[in-house]
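One chain, chain A, links the two complexes that follow: it is found with chain B in the first and with chain C in the second.
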Partner chain A sequence: MKMRKLLALLLAAVMVCATLAACGGDSTPSTSKPAESQSEKATEKPTEKESEKATDAPSSEEAQPSSEEAQPSSEEGPVTDLPREETVYFGGLQWGVVATWNPIGVTQNNFAISAVASGSRTIMFETLYMYNFMDGSLQPLLADGDPEWSDDMSTMTVKIKEAAKWSDGTPVTATDVAKTLEVSKAIGNGTATTYGAYIDDIEVVDEKTAVFHLALNEEGVPKNPLLVKDYLVGVYVCQAAWMDKVCERNNNDASAILQDKAEDVVWSGPYTRLYDNDQKVVLVRDDNYWGQDESMWGTLPAPKYLAHALYADNAATEVAFKAGQIDVNQQFIGNVQKMWLDEKLPISTYYDDEPYGVCLGMPTGWFNMNIPVIAENVALRKAIAIAVDYPAIIENAMTNQSPSFEDVPRSLMNPTAGEQALYDHDAVKDLQWAGNDIEGAKKLLDEAGIVDSDNDGWREYKGEKITLKAVCPNGWSDWQAAMEIVASAGKEIGVEITTLYPNADMYIPDIQDPDQKDYEIFMWSPATAAPSSPWARVMGFMSKDYVGVKNNGSGNWGQYVNDEADALLKKIPTITDEKELKDAYTRLTEIYLTDVPSFSLMYRPAFFDAVNETVWTNYPSADDGRNIPPANCVSGYGIRALFELELAD
Partner chain B sequence: MSKGYRKYFGKKLIWFVVTLFFAVVLNFLLPRLMPSDPVASIVNKVIGSSTDTTAAQEMYNHFAEEFGTNKPLITQFFIYVKNLFQGNLGTSFSQYPRKVSDIIKTSIGWTLALQIPAIIVGWILGNVLGAVAAYIRKGWDKVVMPVSMFISNIPAFGSAIILLYIFAIKLKVAPVAGAYSYEMIPNFSWKFISSVIQHYQLPFWSIVLISIGGQAIGMRSMSIYELNADYVKYSRFLGIRDKKIVGYVFRNAMLPQVTGLAMSLGTSIGGALVAERVFSYPGLGSTMFGAVTSADYPLISACTLMITLMVLIVTLLLDVIYGFIDPRVKAAQFDA
Partner chain C sequence: MKSTLKQLLHSPKFMTGLITFLVVLILVIVYPFIVPGDPLERIGVGTFAKPGIYFSLYDSVTTQRETLKLSNADEKRMAAAVDEEDKAAMKELIKKTETAYDGDLDDTVFLIEVWEENYDAMMQTKMKSADKKYYQRIQKRLEALKSADNMLVYDEDSEDSKTTITKTDYVRTGAVANVKVLPLGTENFGRDMLKELLAAAGTSLKIGLLAGIVATLLGLFFGLLSGYLGGWVDEVIMFITTMFTVIPGFVLLILISYSLGQEARGPMIIAVVIGLTSWTWTARSVRSQVISLRNRDHVNLSKISGHSLARIILTDILPYIASYVVMAFILQVSSGILAEAQLSLLGLGPKTTTTPTLGLMMNWAMNYSAHTNGSWWAYFPVIFIIAAITFSLNQMNTGMDQVFNPALRD
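This part shows the complex of A and B:
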């Protein structure tokens, strides 16, 4: 009897605890207050009052309208259910609790905020233009028409759409555009770090006209117009009035502004925050969105809610995707075609057949030039590169979600038509390789005098056995598979290559250290696609600017130096003549394929994009003629898909 | 309180403080001995692949300064202890700019709501099964023992994945992930509460199942030992009823089991990592996992500190309680 009572009590306690945890586990709103950012400083200099604030719940007067009770923009009362036919669910775009809603802050880890040139997410905050990686075009968003360049490319004029408005009803102006750069430079955020050196300032000509003044080099030539194009599609325009408020409440302290939670942020995009906690993030459509004006989309996006649940890992996301609880999924799924071919699920990808997605990236094996045997022997580098079984990597590691190097011969370009047209294929034909050339590799090594002189099965250089490590982060299974295949190629040609898989957080600082000699061959990806492509990627492959730089997150991690390549790279951003540009890229490709400072192992999508059409349909696909990129319906011009989604029957 | 008790508790308290001191030192030191650079990871996240290396380096220096990772370890330690006394656990690296205290506050409720009931239910069921097996023996024991052995030896992730596969994926009677329906926003309604309960089942039972087996085996052995003790035989000679004897036996066999329960409750704060990962259930386990994989020193230190504190407090309480309920324990301490 006692036991029964105890059990009943226990079960009741369980229910209460779980419910309380569910309702009280809401992190962001419960600490929501603009003043919070001041308490963040408490780490350094905690005063009694500040540290109290840092740990305690906010006082009621500080609390902003929180989303603890999710309020829709209309006056219908708190939202408790997200009707399936009004909500698009996402997967693979957010992996932790939202840290901030601050578009000028840092590391927001926010499903709505990702300001990158390959495709900024423009669901809540908007950029001047949207990047379409399918054709490399810049589509106007807040901007009206194309940017106008001066003849010497030292200035660029951008007009703002008349209809463009902030969520508080005030117009988006050139002042907002100028202030965004100004504040960014003052606080040193990602925008300033990435673009600050290339734009001196933005001049406000009138309310709707902004002129970008580009930074000039010693010769009076703009340093880099290409990166200014990246700025147009990468940087969110923020409201000047709101930024003034943030700066003021943080006493212009850069660090505090960067950490401001910005729960009072003013936005211009079609959605805004409804609710977020440790389980999910939900955005709700702003029915007053300016973009329904005929000068922009002419309509509102179809789904009322955009939701992203926080899953523990890829496996959990895949289970939910198959169960129809995720509509748009951004994750690598091995053999994705089995979902529709074998399991008969209503799942699809951009292309019905291989490679299923649009590949923009080129995960690459880098040779470490700090290692003498590698630096001194082009033959060794090339031998390893041509011996690798790339078809096996593409088949096993990528489950054919990459074109082969026979379909898209190796160069510095990704497989998009725009980039492929940028170099002379015939000129470099003899230098390209598709892999598996064991005999050719052996011949190269023999000719270079790298032979097995002691008959132990392994080749020696200057009397010493060559022993190399092929390294990539642990748990990155497709990359690990690639490294294994590189190692077995080594065995075939008599060069000992062992694999090593350190933790990613150990690995990244290691490869960014210009003096590292731990990894002879290591994997990383250069830039994918952006208006500055392929220049930014080629910089990553060969620029001398990155050699010897500590904490180098930019590229050329193998420390390769070629002065001719470097001179060409410095020139390219200001070349406007198409032929000259093509000649430059062709020459760079020749140098790259001759010197083999690194070798790409596969092509890979920048955005994995698989959709479950149980509830929503009319997602972008290759044959629909709409030219909408498969960018998860949220990134760059890919957002157009949200305005054209339809309910499935 | 007698002098003996005071001396006993005083001694325990001193040990508590000494252990706590070393625990704090280790909590600080161990994560920082990992060969990684979390500041570089943050900078990477912020700027991606900036082509302006000077600006990137400036940002690196800014964060190194802010987190104090550019200072000597000993200075970092004193800052850490000073902040600790002020209740400031620092700012997380991996979830920057969230405060560590905020992160822990969010996840600890889930962990306790899942772990404590599961541990207690597993403990009760396991002990009842074990005691019954020891008392009845025969057929019952032949079933309970091997089954318990089998269950207690399934790795936690194995049983969780099996439960997920059978009930969520194949039978579709349980949800696949989360702590409540993916279509809901928390609110006080019966619909929501029932969703929470529904999502609670699989993670809960995956923990209960694992703990039942071990508890049953322990309790069975203890009970068999006690059943053969002299006092049982003597009681039987005296003609005391079986039910009464079983009561004595159960109580005596329970002592070590109670210690076990207290320790499990102490460590429960570490979270049910496996259940949380497999069922995408929120809690401290996943938080710690994320912290370790991203070398988030402040968060790791805070989580391990919480676990250490809980275990130390539970141990201290046990010692105190034992001093009262079983004077032999106190006496033994002083004999030694």
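This part shows the complex of A and C:
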């Protein structure tokens, strides 16, 4: 008995080691286990979130397991043994079993389907244009040439490429473009909620010409031409005939259409479903793809198969990536440079030096204006914001995969050159801060009369000790590290800040509730980059439109109200004069840095993009002069990389 | 009693266990006096500084210098810039690009000469981006090697106060004002790993001890009651323990910790929870021992003499199972420590970053991928110390078993 107990304990000791080893070495794909994988996946999740939030599309983080048997569609049986030199393997783009292949349905975590303004994945379904976040340009895909705007910007004409064809051989027409919006509005999918209010309808002029009629406001000015640009890169064009079929078989029932499995879907992209099960999702090249026409790519993409194994968590993905089982990996890897510097693996990122990726996002700490002490005291908000040790956050939590606030002074803009040029740096110079200003923070608080009157080491406001919570989801380790650093800044300036890490499934509904008073300071990311940037992000920081909105997925979670900022934000989408635009953004930056409704903690890539060149090479790299964004070879204009990949020797 | 102790001290197993345990305990107690300060203080800004001796570069500029002319200094500098692997890669590239050369590439100086001459041309060839970046890094380091013999250091505020540093300048480590020894480097938050590790071991020992006490007291109480009284009391208690046996204890532990919420999960609460879920096996074994004892003559004699229940249990039964209880306690302590480590590893341990515990350290090391990026010092010492503590406790237990258990006695 005792011996057995002893043995059991020794076994347990061995298991502690084994657990650790297994978490590193377990490359067996399995369906996602929420409880365990949460902490692992965490670091990657915010990015996913950001892109999803960008379009405000309804999304389910975890896929519902599909009830149908996942049988390969190919007649000869499953090609489970994919030839390595014809397959590109991906990581970090899909967690859990594929639910549907329905491009007009509820957004789900299908590796092939992700319709977001920051760069839709166009491997199976295609958008009119592709977004290139490196230069902010829209590259025609199904569309032919640039969109043509009417002078008052109330209509926009898009031509469709002559060569563009569906997988069944029929041409892609303006009717398909118009029908996509029509059906979306009828069933109320993500496209409708994001863009429905800004586009009245799409008119079919002829087979290859579609005219977008923008919704006008009371003054007869288009409500938002910027979001219409997002539509061009964010929304998949679907075949009218197929949508008719889906509507018919579901008796036009909106919720049934949204949930339709779409086994018979017609696509226009270069790849289509080969098979998917609880192990992996495999797409096979459509060798009849229209895009091999000279008017588009002029060739087929290099890999015959695109495969995504379903890994349990980030750690498993990382191990598979290092072993060369994954070619393209979308996951935050702390100290990623060790993979090539120390381990000498054939792994690289877009930039060879820090920050390694293209930072487009700005994870931000939001002040909750529902809390009187925060709402009433700009000094308190600013004091906390300037006292935080940002270099520590960037060096530790982000392991330097973010430029510092000295390199890119804080504003409403992300670090890309295009956005940085949109405001007058000198005008707001005195308002910016790089952090660690403990003395300045103390002075601000003293001047505002927020002092420690009872000598307990903590400051009081109206006789009451200020106690704040800094909150972010549990297991999102880099965010947690950031919140810890915010809390220690509070300690330095005599404001008690404690950290709290609820589970993400509790946290997200909480911060989306406009009346919540549980979290004084909490972390979330505004929009990253899209054709509507930076306007969409600034909206997220300051717009009154989002105040009081229930289940608010769009922005201004701190419920900040500033009428001047709001008026400017309403005007920006219709401003065409460059100087006027710059003035508007400069003024907004001024307001933002003066009022401090929130404070960005770091810059962060929209896509983490690391590649292993064991099998494939010629991935986008900063110095190759090709202007292909590092978007995992599937998102936006990043898909171009797939056509230029080469086999490594 | 004395002879039992003597026997114990002669048991090699018990002694190895005891000594290992004491070494850990002494380290835990003494180290904070040697290196004082908050174990959770973040001294490093980055993640995972390697173990070693760090001295302030800033201070060393103004420290008293000696000139040492070491013959192999340049060689070492070269070796630090390009190691054997780099040289092999350079040679390979030269051969692959069919670059013409006249000499022996094994001669490092010649190799570098050929490399630098042909670098631009060689880089024009098609190669993997990872390789290209690798060669670029080699080139960058080679460029740095060619820098002048002297370096100038300026005060940011006044350019007059310049200091010249030459290749032959050396400072004694002891003379530099700020030198920090990090025997185990820093962990993910930039804290002194060894200091935190020993503080965490202390917390874990406390958790184990409390969990052990709770579990043993509960187990003892119910075991004695159930074994001695029998009847329906026995039935009820056995029903409960059977239930606990059927439900895996660890699952129960996870569920309870999860439902407690992070706010309530202090280290001591975790310890109590661990104790509450692990008392049943002690209860069962105590019960079976008591059953065999309760019909012995001396117990019956006490009963006839009219002694109270408490007195019979305390004086006639407990002393006979005392040695067993002590051993059970030791095992409970060790399993308590393991349970905390396992819980924290899953992120269900005590609240983060206010108290260091061994499990939390592993949890954070894993969150920061220490195990995949080669930062062994951030997790291996933790495993080692957990193993050392549980191993020592188990060794002590086995040693005691051999002394106390007549069946095992030599």
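The rule is short, and it goes like this: the second predicted complex is superposed on the first by the 570 of 649 C-alpha atoms of A that agree within 3 Å, B and C clash if a C-alpha of one lies under 4 Å from a C-alpha of the other, contacts with A are read in each partner's own complex, and residues count from 1 in each chain.
Note that in this section a contact is a pair of C-beta atoms (placed from the backbone, for glycine too) under 8 Å apart; a residue touches a chain by one contact, two chains touch by 3 or more.
Since this is a predicted model, take the numbers as computed values, not measurements.
In the superposition on chain A, the chain among chain B and chain C reaching more residues of chain A is B. Look at A:137: by the touch rule set out above, it reaches neither chain B nor chain C.
Look at A:319: by the touch rule set out above, it reaches both chain B and chain C. When the two structures are aligned on the shared chain, A:157 is found in touch with neither chain B nor chain C. By the touch criterion stated above, A:501 is placed in contact with chain C alone, chain B being left untouched.
In the overlay built on the shared chain, the residue A:192 is in contact with chain B alone; chain C does not reach it. When the shared chain is aligned, chain B comes close enough to touch A:258, but chain C does not. Once both structures are placed on chain A, chain A residues 6, 10, 13, 17, 19-21, 23-24, 39-40, 42-43, 319 are touched by chain B and, in the other complex, by chain C. Those residues of chain A lying in contact with chain B across their complex are 3, 6-7, 10-11, 13-15, 17-27, 31, 37, 39-40, 42-44, 46, 48, 51-52, 54-55, 69-70, 78-84, 87, 89, 96-97, 99-100, 105-107, 109, 116, 188-190, 192-194, 196-198, 224, 227, 255, 258-259, 261, 274-275, 277-280, 282, 307, 309-313, 316, 319-320, 323, 325, 503-506, 508-509, 512, 526-527, 536, 539-540, 543, 545-546, 549-555.
By the touch criterion stated above, chain B contacts chain A in their complex at residues 34-38, 40-60, 62, 66-68, 83, 86-91, 94-99, 101-103, 105-107, 109-110, 112-114, 116-117, 120-121, 124, 128, 164, 168-169, 176-180, 182-189, 191-193, 196-197, 200, 204, 276-280, 282, 286, 290, 293-295. Chain C contributes residues 42, 45-48, 85, 128-131, 133-134, 136-137, 188-190, 262-263, 281, 285, 327, 331, 334-335, 338, 341-342, 345-347, 352-353, 362-364, 366-369, 371-374, 379, 383, 386-387, 390-391, 394, 397-398, 401, 405 to its touches with chain A in the complex. Contacts from chain A toward chain C in the complex involve residues 1-2, 5-6, 9-10, 12-13, 16-17, 19-21, 23-24, 35-36, 38-40, 42-43, 315, 318-319, 322, 333-335, 338-340, 342-348, 352, 391-392, 395-396, 399-400, 474-475, 477, 480-481, 484, 488, 499-502, 611, 613, 617-619, 621, 624, 648.
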